[in-house]
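Chain IDs A, B and C follow the sequence of writing; residue 1 opens each chain.
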Amino acid sequence: MNVEGLLAQITALLVALAGAPLVMGWVNMCRAWLQNRAAPPLLQPFRLLHKLFWKESVIAHDASPLFRVAPYVVFGCMLLACMIIPTLSTNLPLAPAADAIALVGLFGLARLFISLAAMDIGTSFGTMGARREMLIGFLAEPAFLMVLFTASLISSSTSLATTVATLAHREFAIQPSLAFAGIAFTMVSLAENARVPVDNPATHLELTMIHEALILEYSGRHLALLEWAAALKLFAYSCAGLAIFFPWGIAEARDHVALLWALPALAVKLAVGGMALALIETILAKMRIFRVPEFLATAFLLGVLALLVHLLLGA
Amino acid sequence: MAQIASLLAIDGALIVVAGWLAIGVAGLAALHNVRLVGRLLFPLSALLSVALAGIALLALPGTPQTAVLAIGLPDLPFHLRLDALSAFFLALLGLASAGISVFAGGYFRQGEGTPPGLLCMHYHLFLASMALVLLADDAYAYMVTWEMMALASFFLVTTNHRIAEIRKAGYLYLLVAHVGAIAILLCFGVLQANTGDYTFANMRAQHLSPFWASCAFGLSLFGFGAKAGILPLHIWLPEAHPAAPSPVSALMSGVMLKTAVYGLIRVNFDLIATPLWWWGTIALGLGLATAIFGVVFAAAQVDMKRLLAYSSIENIGLIVVGLGLAIVFNAYRMDALAALALAASLYHCLNHALFKSLLFLGTGSVLHATHERSLGKLGGLMRFMPFVAWTTLVGVIASAGLPPSNGFVSEWLLLQSFLFTGELPNPYLRMLVPVFAAGVVLVAALAGYVMVKFFGVIFLGRPREEKLAQARDADGLERLGLAWLTAGCLLLGLFPVAVLEVIDPITVAMVGKGLAQSGHAGDWLMLAPVSAERASYSPLLFFLLTLSIVLVAFALVRRFYHGRVRRAAPWDCGFPMQTARMQDTAEGFGQPIRQIFEPFFRMRRELPSPFDSAPRYKVTVEDPMWAWVYLRIAAVTEAASRLVGLLQRGRISIYLLYSFVTLVALLSLTQL
Amino acid sequence: MSPLVGQVINLFAAVLLLIAFAMLAQRRIVTLIHLFALQGLALVGSTTTVAFATGQHHLYWSAGITFTLKVVILPLILHRLIRRLNVKWDIETLINIPTMMLVGILLVVFAFNLALPISQFSQSIARGTLGIALACVLMSFLMMITRSKAVPQVIGFLAMENGLFFAATSATYGMPMVVELGIALDVLVGMVILGVFMFQIREQFDSLDIHHLEKLKED
């Protein structure tokens, strides 16, 4: 591990911590513009986190230690995910700790802890949220893995750094398998990050909640950590998608000039992505919960199809 | 001196076996003395288990050792052999049974049907026969010890023989075990290729034609599959495992199923000279079907031990998938990849032995504390039984296959070996196998769902019955057993390269290449099967990074803000009434899976009508294999027996006629 | 031949495969017709690309006929038929959708391996796509088998013909003009006759459910 790598790793960490609420803020702004209302300021999520950290944490009488530990574990998992996905540079010394499959496992671990924490209090909304979250997870995880398998078959590696390096250096070619994988990835991201059409992040009706139902009993600093973790998850998924499907702009090792351009490139890509997300959320309506398995099964099949097309056509 | 030292390993194993048998007999002497049996005999046997594991691990890298025991018929002694494969499974037996025996010492109580001393004898006979199965080097020894294992486990399953259901479960278990044993016997018969010599050494030297080799493969898959619980011969597993006491369930699920896997590996990688690619494909397909079946049914269960039994079926399916992949690679002479797939299967065997035993033992503690097996009557036990809850959490994370646990490592290795199939020469396989990978991934995701249901309904939430408040946590010996298995799970998860180095001699012996030997397992920190650019995973780094982020976040939040907490009633969206019945039941949590996978189940539903004065909702989920396969076989058998029954006329003159006709027929045959 | 052309044809082939899967899973009949029109468009696109890359002018005529027939006329006829017969939904299929998807995937693998030796003989620039065309034919056939209303079966039959056309283009640069015109006429006439049949079935049984046809057997 050299100084350059260490610097790159710390930069990635700080960019993730600062950038995730910024991306959330940007998406909320775009959504407000599209809905023709006054937008909240860009830094509003930071104010929300600050406010929540100052508040007292109110916990139910029979909450177990698992309930209090879970927000920290979930935050830790999401931050680790952001640290190993190549956002600015592929020269991340900690990246070999987890490859693509381990990344999916990391998200699964976070999902397990938050579902168990939701079941801990023993209210009907908590268990409902846990059940729905595990349902979405069990369908979205295979779809995500299929997308990653397609990418890893193209680049002959499951290591994210190698995948980005290979995909960035190919000459431009229309690859139907990557197109299908991209559509599948978008569908999976929408489901996993609790966005419309799977879940409405701004809902107040309990029976329509999935992600909100999981964090219903949390308050104060625990809620702040969970909100930050949700923002980090969105950031991680966006960066993973950009790394696989739009890898231009990510710096390689020992490429100092590219490192200077990497941050503006990332900012531009995330801005465009955030606008696209807001557009999708405004155009589509939230689906019934019973239609979500079909939605995710379609994503899974698209992933398998992408794999098959890659094997059949070599493209 | 070196010769004595090298012979000591197999003799050491035999001494341990003799020790177990001695403990069993000692148990007979103290038939009703629970304290002696529990406090002295079982922990002693646990020490012997640890010794066995140590001996086996030391003997693993060495050359195979043989011994001949003059037990049995005058001309047919027992041939025994300790090579890398046997040593690995003996180590598995030792490690898992150490924890289980310690737990059992604190678990068995009076008045459960069988006296404790007799139970002790059955238990140690079971352990001893399993060890001998793993050591057997000829078909005779193998069959005798296999039979001993089946009988000992039958008596263990029917420990609480006063309950009729348990007797039925035991009977079914014995039936399927014997059907499998017949197939194994026939398999050995095919393998010895008419030479009359039933030793494994002779079978290794034979070269069977593809037809007979395929017969041997099919018979071995059927026979060992019956013991391992592969579809459709899994039918005894969900009945027998819940019926047995929890340590016995743990031993059966964790170790006995692995002896069947050992048999499969022994026959297909060692005794049959050249495997064919389509055997591997059959094993792949069957394994995947078993895995999907197991996990989907586990999601629909309401009895905690049945849930774990179906989860065992799922894991055996995954192990068979790995074996099938290894056979395919072996048939195409892609040795390095065969080694990867085989290593993944063996690793998963070890992992499953540890985490499944841990889960079963946890349910044993819960059962003793609450006397409830049904998930609908449990809940909120984390407050009353924290030790059991936290150790079970480790088992749950491992069973769900999440990092940094050991379950994730073996799944990771299996998925990596799937990704290499693009180099297969057969175009059909090259395209079909990644589709199988999709199935494996689906199984892994659903396993997470099942485990959240298991842990959440039992330990979290509010207690669904008032008597649960009197549940007491596990005591001394039980805690020791649970802690041993938890430590095993954690260590296996954090140091995978060390385990791979242990597995290496086995893959070298079976397929010719080893991962660590070819320098491709990575270093102590990082697991990298082919190269670090290709794929890498470092569980230690992963765990330490997550832990440090958690601790730093905790410290920073306390430093810059505060750590005040106030306790209050749950928010629950402001609902005024909160009772324990408002949580999800086990059926409720599994409802989405029941709805998505409806064609798999045979469901019977009783729905209340609006006019019922006491409305009831009931749903029973049954295994469709009963109706499709077993009841049909039973009907055909019955029809055939009725036809044969026509021979019985009741008149003496007819019976004399039978003898007369037979005599005339035989006499006319001598003319030809 | 620049590799871009090959990639564009691969893209059209992949889109065709996707549409075939989508038709297997679709329950709304109106969406089925739209998918069929999209399939026709993809076909036109790929034929035009092959024509442009290899300079075979009769393929431009083929593309034109395909466009008129499959993207404009046939969907119009089908829409009118549906409005008059008043069928919008086909809720039940004989086998459930995930199983059909699985069988579809297996068919794709099978068709592709079948076509492998043939496509090695062909000189056409799109020979990698012969397997996909065969798979589309088989999947449309599967769609015909597993539907319980008459209109989706007809659409399956038309989709099969689409697959055959794509197979012809990818293997041999299209069929002789006479054969093409003949097939086009056959399809058109077949549509008209099937339309008449559907009205007859409806009058006889008061529904377009093909299960009623089972009453016509000898007992």
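The definition used in the following text is that contacts are C-beta pairs under 8 Å (C-beta built on N, C-alpha and C of every residue); 3 or more make two chains touch, one makes a residue touch a chain.
From a predicted model like this one, the values you see are computed outputs, not experimental measurements.
J.: Quick check on this structure: which chain has its C-alpha centroid closest to the centroid of all protein C-alpha atoms?
T.: Centroid comparison flags B as closest.
J.: Please identify the chain with the largest separation between its CA centroid and the CA centroid of chain C.
T.: B
J.: State, to the nearest whole Å, the distance from the C-alpha centre of chain B to the C-alpha centre of chain C.
T.: About 49 Å separates the centre of chain B from that of chain C.
J.: Using Cα averages as centroids, what's the distance between chain A and chain B in whole Å?
T.: 36
J.: Round to the nearest whole Å and give the separation of the Cα centres of chain A and chain C.
T.: One centre to the other, that is 39 Å.
J.: Using the touch rule from the top of the page, what residues of chain B touch 2 or more other chains?
T.: Where chain B meets two or more other chains at a single residue, that happens at 431, 435.
J.: Using the touch definition from the top, which residues of chain C touch two or more other chains?
T.: Those would be 105, 109, 112.
J.: Which residues belonging to chain A are in contact with no fewer than two other chains?
T.: Where chain A meets two or more other chains at a single residue, that happens at 304, 308, 312.
J.: How about chain A: which of its residues touch chain B in the complex?
T.: Its residues touching chain B are 53-54, 56-62, 64, 66, 68, 72-73, 75-77, 79-80, 83, 94, 96-99, 101-102, 105-106, 108-109, 111-112, 115-116, 119-128, 130-131, 134-135, 137-139, 141-142, 145-146, 149, 152-153, 156-159, 162, 206, 216-217, 220-221, 225, 290, 293, 300, 303-304, 307-308, 311-312.
J.: How about chain B: which of its residues touch chain A in the complex?
T.: Checking each residue of chain B against chain A gives 379-380, 382-383, 389, 393, 397, 400-403, 408, 412, 415-416, 419, 422, 430-431, 434-435, 437-438, 441-442, 444-446, 448-449, 451-453, 455-457, 460-462, 526, 528, 532-538, 541-542, 545-547, 549-550, 553-554, 557, 560-573, 575, 578, 580, 582-584, 588-589, 591-593, 595-596.
J.: Which residues, counting only chain C, touch chain A once they are in their complex?
T.: Going through chain C, the ones touching chain A are 3-4, 7-8, 10-11, 13-15, 17-18, 21, 25, 98, 101, 105, 108-109, 112, 128-129, 131-132.
J.: So in the complex, the part of chain B that touches chain C is made up of which residues?
T.: On the chain B side, the touching residues are 427-428, 431-432, 435, 599.
J.: Name, in rising order, each residue of chain C that touches chain B in their complex.
T.: Answer in residue numbers: 96, 99, 105-106, 109-110, 112-113, 116.
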